[in-house]
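In the two complexes that follow, chain A is the common piece, with chain B as its partner first and chain C second.
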Partner chain A sequence: MEKKRRRLFRRKPRKLNRSMAGNGIMFFIMFICGIFMALPLVMIINNALKPLDELFQFPPKIFVRNPTLENFTDLFVLMNNSWVPFSRYILNTIIITGGGMVGHVICASLAAYPLAKHNFPGKNLLFSMVVLSMMFSWTVTQIPQYIIISWLHINNTYAALVLPAFSFGMGLYLMKQFMEQLPDALMESARLDGASEWRIFWTIVMPNVKPAWLTLAIFQFQQMWGNTGGLFLRSEELKPLQYSLQQITAGGTARAGAAAAVTFIIAAVPITFFLICQSSVLETMTTSGMKD
Partner chain B sequence: MNKKKKKLTLSRKRSITGFLFILPWLIGFIWFYARSLFLSIEFSLSNLTVNPGGGYTLEFVGLDNFLYAFRAHATYKQVLTTSIGNMLIDVPLITFFSLFMALLLNKKFRGRTLVRAIFFLPVILNSEAITAAMNLVRTMMSGGISSASAEMAEAAAGTGVGLTYYIEMFSNLGLPDSIITYIAGAVDRISDIINASGVQIIIFIAALQSIPESMYEVAKIEGSTAYETFWKVTFPLVMPHIVTNVVYTVVDSFTQSEVVELAYDTAFTEMNYGLSSVFSLVSTVVTCLILVIVCRFIQKRTFYYN
Partner chain C sequence: MAEQTAVKKSANKQNTLGYRIRRNKVCYFMMAPYFILFFFFTVLPVVISIALSFTYFNMLEFPTFVGWQNYIQLFLEDDIFLISLKNTLIFAVVTGPISYILCLLFAWIINEFSGKVRAFLTLIFYAPSICGNAYMVWNLILTGDRYGYLNGILIKLGILDEAILWMKTEKYVLPVLIVVQLWLSLGTGFLSFIAGLQTVDKTLFEAAALDGVKNRWQELWYVTLPAMKPQLMFGAVMQITQSFAVADISIQLAGNPSVNYAGATVVTHLLDYGSTRFDMGYASAIATVLFLLMVGTNKLVQRMLRRVGE
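Let's turn to the complex of A and B:
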């Protein structure tokens, strides 16, 4: 008996070893893939710190020899010379990116809840419309979109960029898939306790799908951040930061240093946002709240 | 929901509440997206001419644009088939690669947020402004010698043990051609695949996060190995999100495909809006069909918690 017990206990560390070897191989694969993915970022950071002569060096070096902040000071000089005060561009970006993201997450989650957990006529039709709309590339429908925007008379306002973002199909789809996984019993118990649908949504559904809507927020932030205003914003004082930075890089070889700094800034902001969101995803210890 | 037990009035009330929840989204959807979808269909059936003073006139031509696209257009059919072929190669690979990566990134280790960020990088770097700036920096670095260096790189790739060597070796082993082409295509697109799987990894991580801890606890107590736990617990619970990711991947790879490029060029360089609408409509229908088939296939095997 005693021996048998011991053998049972001895088994455990052997399994641990095997899984550790497996982990080792997996981390190795991940490391290789990771290097390829991290390389552009390393390049961007190093380029931003390179003085001009190193930028033009051939063959190019990845790592910087004499790091300077020259590129950034160049960029700030260029910024100060812009026709519209630079803070205006930043404000525009905050309004467009923030508004589009928050609105989209809220609208998509609100709409996803009944689609996932309620029954009503026309539900399937609506859902297939959503999937169909995602399939339609918006580069191609720019013309109809422009016609609609000008028909609504919101051309050349923030609304032209922010409002369409509210009803983007992808978010609804993502949120629906996640909400479908919530156990029905959770909502039923809240209903029995007399909670209204509104209350169920905010206090039960949303906290439970926090990873999902944070993902959506990251996703939408990236989409809105990359927006240059394009067709819809014509006034210079409404253009987002991306547009003005693009103008700086369009200056060609003479502005090489500033361009490197611009790339760094454009990449750094979404990465920071991503890191913040991801660390709060980690904090949610998802429990289903069920006792069965 | 046990709808049958309740009275009609209550269920109706509930469906009204549900509808109110959807309303803000739906209004925006109908205004901005549904309408442009219908406008595109309208364009595809007519000949669009832009008026000099502004606005446009539509002249109904029936299915002429469709017939032209399939019978007379030089490249459309070929571009469509290659785009769909590439998509069929990419979708399963991206899905499994991202699931695999998500499993690894979901483990607890030091600096995992940073590693996750690295894997999300391609999505972030995929913006217009960054591409423009990166191109500028690249042209500066290579300067006037860029064309020479490109030739040198090509020459280097042609020598030694290349991809073709392996392909020949495998075909000598007697593997069927279709498998070899698939593998060769996949190897050829590894960097594309890694680059395209950023969002999918994030979706899978979120999915893995929402698996209740107690499930794993039960599996552990019952003495299942890591392998068994994956197939009996993780995989079934992540299954619904495999559908999500397949849909996302198809959409993503499609919107960046050559068909869309062709449609865009037709609209904005050749100014043929009708034909461009036909291109995008046909491709949309084809991808939708693929998606329906794939989703049916997966959904049959999907396990839902309820």
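Let's turn to the complex of A and C:
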């Protein structure tokens, strides 16, 4: 209690080794570059709000003059007319994106912990296989992957998208790198108390690498959200939202307004997810100081 | 004496492979779900692809073995492959290190801000990566007539007399693609650096200040970077896989094939054979060469990174 109160009233510590001039220069650089980086965001938002005549204006202008929500109402009308009810696409997306993300974060973290903190035969071989696999062009492996998926009889099911996503290479590498930084003493003391490895993993390792798995969740969400089902899903009832939205934009010039709204939605969903995760990344480590 | 041999014996016993595997049983259980799937969906396809690179395979007939034929053709007869290889190397050598340093620099500067400002800045800088095909913005900027933003501005300033067809003029294609790639490259590495900076122990900075670290640059080199070495390694691998595999932006902005192959990269060449000409054997050979190139670069870069902070 005493300790808690002290922390509550503690004055914000002065930052070490920072000069005012340096801060000013940093801020200036960030401002200039920020304008460039924000360009696509600005453009997507403005386009979504433009009435049709402004969308087709030549030469094109970035900023909207008479903002309207027409594009979104158009899009909703189109959505209601789709052959498969739109809620079905949303359900598919939740299963594919959510399943692929949660499963990957859990599988990759579970595999990363022994690789980071234990010594056992085959460790280096397994790890270097994962790192190397990221360097092989994905375009080429798609065909063999398709053959294997048909052979496993999971073609045209959610599993065809979700199961491969569990084993993407990047997640394991990311998690392993962060877990490596944890001090061994942290786990050793729990082991002396008789905790099993599984328990150590859930109660000690994972909470301490929260920034890592939140970041991984962002990557994986983005990856799965962008998936249209491609080769592996043929049934219309199994296709994700991304697919149906892209079908709407494929309507050509007549649907330019709805297409602008689609572009907005396709970007807005991962951005929302990003903001939720990112704000928790930033608050975790200020509270725990467990390092050696 | 007898005691000693007993100790030795038990030490020997502990060193046998079977014993070490049994003792770490739980490790294997933990890794099983990931690695079983990894074997089926990644290892097998990669092995099959490498095997296919020694065959002629048009995706309809059963592949026929042709030995080194694909590789020989690649290096001795295919001029376009050599152009694309050269472009890819230029790409990788220029964008790789620059974008790596930019990722690190921006992540580090953003880390200086606090709370909401930091989250907002992270979003802005990550925006090009999260907005799907955000590089389409550049189509507007680079439009070849005088209404394209870049041409418009340059003409207004009197630098140009007439509009330039940016993506249709050979000498501008590669430099423009490099700029766009740099703009796009604050992705995976950048976010992992942001997360990595969060895990650096704050007390290290205080200790370093007492030890005589005087400004933020010294702090960066002697304290921050060594503390986040694992993330630096990770970022480097991601950077290599990105900068060697550039294809989408080239195809979207310069077309495939581009003017006189000025924007051709190894992966656009691969896509040309894989998805247009349906010659999967040849495409697999291209992928294998690219793979070896990346593995070699990775070895080199990891060796360099080990010396950070020394």
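Everything below uses one rule, namely that the second predicted complex is superposed on the first by the 267 of 292 C-alpha atoms of A that agree within 3 Å, B and C clash if a C-alpha of one lies under 4 Å from a C-alpha of the other, contacts with A are read in each partner's own complex, and residues count from 1 in each chain.
Note that contacts are C-beta pairs under 8 Å (C-beta built on N, C-alpha and C of every residue); 3 or more make two chains touch, one makes a residue touch a chain.
All of these numbers come straight from a predicted model, not from anything done at the bench.
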- Task: Could you check whether chain B and chain C clash or fit when both are placed on chain A?
- Result: clash
- Query: Looking at the overlay, does A:245 come into contact with chain B only (first), chain C only (second), both, or neither?
  - Reply: first
- Query: Thinking of the overlay built on chain A, is A:47 touched by chain B (first), by chain C (second), by both, or by neither?
  - Reply: first
- Message: I'd like to know which partner A:256 touches here: chain B for first, chain C for second, both or neither.
- Response: first
- Does chain B (first) or chain C (second) touch A:56, or do both, or does neither? first
- Message: Touch test for A:67: chain B only (first), chain C only (second), both, or neither?
- Response: neither
- Once the complexes are superposed, what residues of chain A are shared between the chain B interface and the chain C interface? 19, 22-23, 26, 30, 33-34, 36-38, 40-41, 44, 58, 60, 107-108, 110-111, 113-115, 118-121, 126, 129-137, 139-145, 147-148, 152, 163-164, 166-167, 169-170, 172-174, 177-178, 180-181, 197, 201, 209, 211-212, 214-215, 218-219, 222, 226, 263, 266-267, 270-271, 274-275, 278-279, 281-282, 284-285
- Can you check the complex and tell me which residues of chain C touch chain A? 17, 20-21, 23-24, 26-28, 30-31, 33-35, 37-38, 40-46, 48-49, 52, 59, 106, 109-110, 112, 115, 118-119, 121-128, 130-132, 134, 137, 140, 147, 152, 183, 186, 188, 191-192, 194-196, 198-199, 201-203, 205-206, 209, 213-216, 218-219, 230-231, 233-234, 237-238, 240-241, 244-245, 267, 270-271, 274-275, 280, 283-284, 286-287, 290-291, 294-295, 298
- Query: What residues on chain A touch chain B, complex-wise?
  - Reply: 15, 19, 22-23, 26-27, 30, 33-34, 36-38, 40-41, 44, 47, 55-58, 60, 107-108, 110-111, 113-115, 117-121, 126, 129-145, 147-148, 152, 163-164, 166-167, 169-170, 172-174, 177-178, 180-181, 183-184, 197, 201, 208-209, 211-212, 214-215, 218-219, 222, 225-226, 228, 242, 245-246, 249-250, 252-253, 256, 259-260, 262-263, 266-267, 270-271, 274-275, 278-279, 281-282, 284-288, 290
- Residue positions on chain A within touch of chain C in the complex are 16-19, 22-23, 26, 29-30, 33-34, 36-41, 43-44, 58-60, 107-108, 110-111, 113-115, 118-121, 126, 129-137, 139-145, 147-149, 152, 163-164, 166-167, 169-170, 172-174, 177-178, 180-181, 196-198, 201, 209, 211-212, 214-215, 218-219, 222, 226, 263, 266-267, 270-271, 274-275, 278-279, 281-282, 284-285, 289, 291
- Query: Considering the complex alone, what residue numbers of chain B touch chain A?
  - Reply: 1, 3, 11, 14-15, 17-19, 21-22, 24-29, 31-37, 39-40, 43, 101, 104-105, 107, 113-130, 132-134, 136-137, 139-143, 145, 191, 194-195, 199, 202-203, 205-207, 209-214, 225-226, 237, 240-241, 243-244, 247-248, 250-251, 254-255, 260, 263-264, 267, 273, 276-277, 279-280, 284, 287-288, 291, 304-306
